[in-house]
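What follows is a pair of complexes built around subunit A, which joins subunit B in one and subunit C in the other.
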Partner chain A sequence: MAKQILSPLPGTFYRKPSPDQPAFKSVGDAVAVGDVIGLIEVMKSFNEVVADQAGIITGFPTDDEEPVMAGQPLVELE
Partner chain B sequence: MAINVLKPGLSTTVQDLGRPGYYHIGIPQSGGMDSLSLAAANLLVGNPAGAAVLEAVFMGPELEFTADAVVAVTGADMPPKVDGAEQAGWTSFGVKKGQVLSFGFLKSGARAYIAVSGGIDVPVVLGSRSTYTLGALGGHEGRKLMAGDVLPVGTGSGTAGRTVPETLRRKPGAPAELRMLPGLYWHRITEAAGAQFFDDTWKVAPEADRIGYRFKAGTPLEFVPRDQPFGAGSDPSNIVDACYPYGSVQVPGGTEPIVLHRDAVSGGGYFMVGTVVSADMDLIGQLQPHTPTRFVKVTMEQALAARKDRAAVLAAIESSLS
Partner chain C sequence: MLIRKLLIANRGEIAVRIIRAAKELGIRTVQVHSAADADSLAVRMADEAVNIGPPSAAKSYLNIPAILQAAASTGADAVHPGYGFLAENADFADAVVAAGMVWVGPSGDAIRVMGDKVAARIAAESAGVPVVPGSDGRIDDLAQARAVALAIGFPVMIKAAAGGGGRGIRIAHDMAEFDRLMPQASAEAKAAFGDGGLYMEKVIERARHIEVQILGDGARAVHFFERECSLQRRRQKVWEEAPSATLPQPMREKLCASAVALAEAVGYRGAGTLEYLYDDATGHFYFIEMNTRIQVEHPVTEMITGVDLVREMLRIAGGAPLRYRQEDISLKGHAIEVRICAEDPARNFQPGPGTIEALTVPGGAGVRFDTMLYQGYTVPPFYDSLLGKLIVWDEDRASAITRMQRALEELHITGLPTTKPLHQLLARDRQVAVADFHTRWLEPWLQENAHRLGTEETTE
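This part shows the complex of A and B:
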């Protein structure tokens, strides 16, 4: 089964550090444990989502600026 | 006995039932956002209902125990684990010296209450151990927990294996419904806007926190035209400064209602459409961002009846555990 990075928090998912900057990671990029893959905004703060697994990104099941629940897949890896 | 904070979670604070009595000088009551879950957690571990516990929002902490203790986790469904072994919520369990309490992903609700037999023994400030982070008052050094903190715990004697019956645990519905009594400034909006306010399904904004719960995605309110009163701001939603009750629903600019909660400011210049009944304030503490929510109009009689029902639930929990 493909590996997934799950959202630790409910809130709004952002793939970019700020609107005018490129995404943290894109499909095809390598991810190491500890890499930041996105941000979750909740309670007026932006919280980094850190990869707990390594691999190559095959997809982002949650779009940029979409609402997320805790435990929802954000990144798929192989 | 002490607890070592290995990981703090997102925003974990020490809370009890709050410090009422200072709102008139600008100090909010603070205390658990879901006071019934807080009281239930305490009763499960043999503490008085108002002992200090940890309130963890959205994400649980990792805590190492330096002595044996009895623990209970209530409120949000965020499975507690002892050295990785999952434990039931709303049920007391033992933690041995050296073991680590951690949490799985949040499944529902927003805030978990972690009670430890003996209670979290931080100093009492103005009659309460609750944390008011904006004022850097109470709790553990007036702030949310950080890794490396050591929390003193009082002496207690709890019993593992006690549980609150499922029927006495309250969860938000879908949509969540908050009963609201229209207030003194209701006349500021048109009749059509007032009706629409209750018809709309709002959504919890991601910035909702202990100070206030903001809701969005409803229809902007239409105001009744007026001459700007002396002392009020120029926006139609401005009033001459007034006291803000706990639970009051202000709508700055008429766009996004904010329900003032445990750490709110005590006054200001925004009109309030009404006040959420005390019986439903706990429910707000369990709302996640984006949760669909409706406001339901009630009368004072219905509000008081709801308060009575709420007290009966706490009494039923108390008697089921005694």
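This part shows the complex of A and C:
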């Protein structure tokens, strides 16, 4: 089964550091443990999501600016 | 025009507050809500509810077409915007009126004037209200700006004319720094707000935040005395009281009269608050801005004057003249409000949404708790962290603080972290007891007391 990076918190998922900047990571990018892959906004406070696994990104099951639950997959890796 | 059916374009505790006032006036209510708020207390209390979009505020509570559509489909004839979201959006106010409805607030034009910092400053000065020394309006060129900086003295603040919420502000401590920051500030303002216009103000280093509540009917305005909100963290108010414990009576009269003068000069209609910095060392006060909406901390004013401000807003919006003369409004006792937020003070105020497992609301004489919580309610992570406001009134400030300690002890919220432990410490603090604080007092206090801010209740 493919590896996944899960959301540590409930909130809103952002793939970009700010709306006018490029995404932290895209499909095909290599991810190392400790890389920032996105942000979760919880009650107007922004928290970095840090990769706890390494691999090559194959997909983003949660879209940019979408609500997420804690434990929901954000990134799929192989 | 009489209001028959009011749409509440907001959420949380203020939506509940507005529904209560509407019910007392026999007005039916329509609560718009995001998909995340379908179980909210406001939705349960309102006569009707309309889902206006997904959880993201940009797609729901800030979605003007969806709100107007909800108003049309339910036959609402008025809109109350609460605070935050669209409350100070002049285009929304105009759109509500253009759709043939009543906007519970000042006109779009009044919001525009007071929302433009430079225009508000000019309006204040021409009404005889003292402002922070600075440039008279926008800065045209660097030579003029340097002359103004020398005249008012360093440190000076360089602010974006179109800015707000602390954005677009730079502080220069000397001329070299000033020369370096000015071009940066202009470029940043242009990029952030599409308007490179700047103005300058002297930095008032140690001041109290004092604000005056007013109500106007377009022709006449009255004040409801002042609130002091000097206890702030990251420019957010944490603890608010009325009246200010330190304002001498002649100063109070002067400050409140100046607020009425400004409100009447702009033909203000509805509830508004004029915010000032007050330097108690020199006795000077300076107008900083006017908020053209009801404010979070309005209940402390209601407690000391006995007037229901939200109900009066609805009456005025419905076309009634102001029911009070200034001499009808008197100040009695002392009120304090603390903001109970879903944040963990022991973990640098990390927000923690979650489900309310148990809730005990404080009661007894002089105690009020404005909240949207109920047992079993799940606080969503998409909006701000305010859970409720605990307000107490007593005959004097010392008794009010004792009553706040007692009320906080009764308040129990389990299932998520709250800022209750912070308020318990503040209510026992010696400097708070003698009101010896200013707007930059709380942050260093929080650092010193970090080890004492451990959460009282376990959340696991």
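Just so we're on the same page, the second predicted complex is superposed on the first by the 78 of 78 C-alpha atoms of A that agree within 3 Å, B and C clash if a C-alpha of one lies under 4 Å from a C-alpha of the other, contacts with A are read in each partner's own complex, and residues count from 1 in each chain.
Please note the rule applied: contacts are C-beta pairs under 8 Å (C-beta built on N, C-alpha and C of every residue); 3 or more make two chains touch, one makes a residue touch a chain.
Since we're looking at a predicted model, the values are computed, not measured.
Undergrad: Once the structures are superposed on A, label A:Asp52 by its partner contacts, choosing first (subunit B), second (subunit C), both or neither.
TA: Touch partners of A:Asp52: none, neither subunit B nor subunit C.
Undergrad: Please determine whether it is subunit B or subunit C that touches the greater number of subunit A residues.
TA: On the superposition, B touches more of the residues of subunit A.
Undergrad: Of the two partner chains, subunit B (first) and subunit C (second), which one does A:Pro8 touch, if any: first, second, both, or neither?
TA: After superposing on A, A:Pro8 lies in contact with subunit B but is clear of subunit C.
Undergrad: For A:Lys44, is the partner it touches subunit B (first), subunit C (second), both, or none of the two (neither)?
TA: both
Undergrad: With the two structures laid over each other on chain A, which partner does A:Gly71 touch: subunit B (first), subunit C (second), both, or neither?
TA: The first partner, subunit B, only.
Undergrad: Please write out, lowest number first, the residues of subunit A touched by both subunit B and subunit C across the two complexes.
TA: Comparing the two interfaces on subunit A, one with subunit B and one with subunit C, the shared residues are 9-12, 41-44, 67.
Undergrad: Please output the residues of subunit A touching subunit C within their complex, sorted ascending.
TA: Contact set of subunit A toward subunit C: 9-12, 41-45, 65, 67.
Undergrad: Please give the residue numbers of subunit A that touch subunit B in the complex, ascending.
TA: Against subunit B, the touching part of subunit A is residues 6, 8-12, 41-44, 47, 67, 69-71.
Undergrad: Of all residues in subunit C, which touch subunit A in the complex?
TA: 36, 54-56, 342-343, 350-351, 353, 381-385
Undergrad: Inside the complex, what are the residues of subunit B that reach subunit A?
TA: Answer in residue numbers: 10-11, 57-59, 105-107, 110, 206-209, 288-290.
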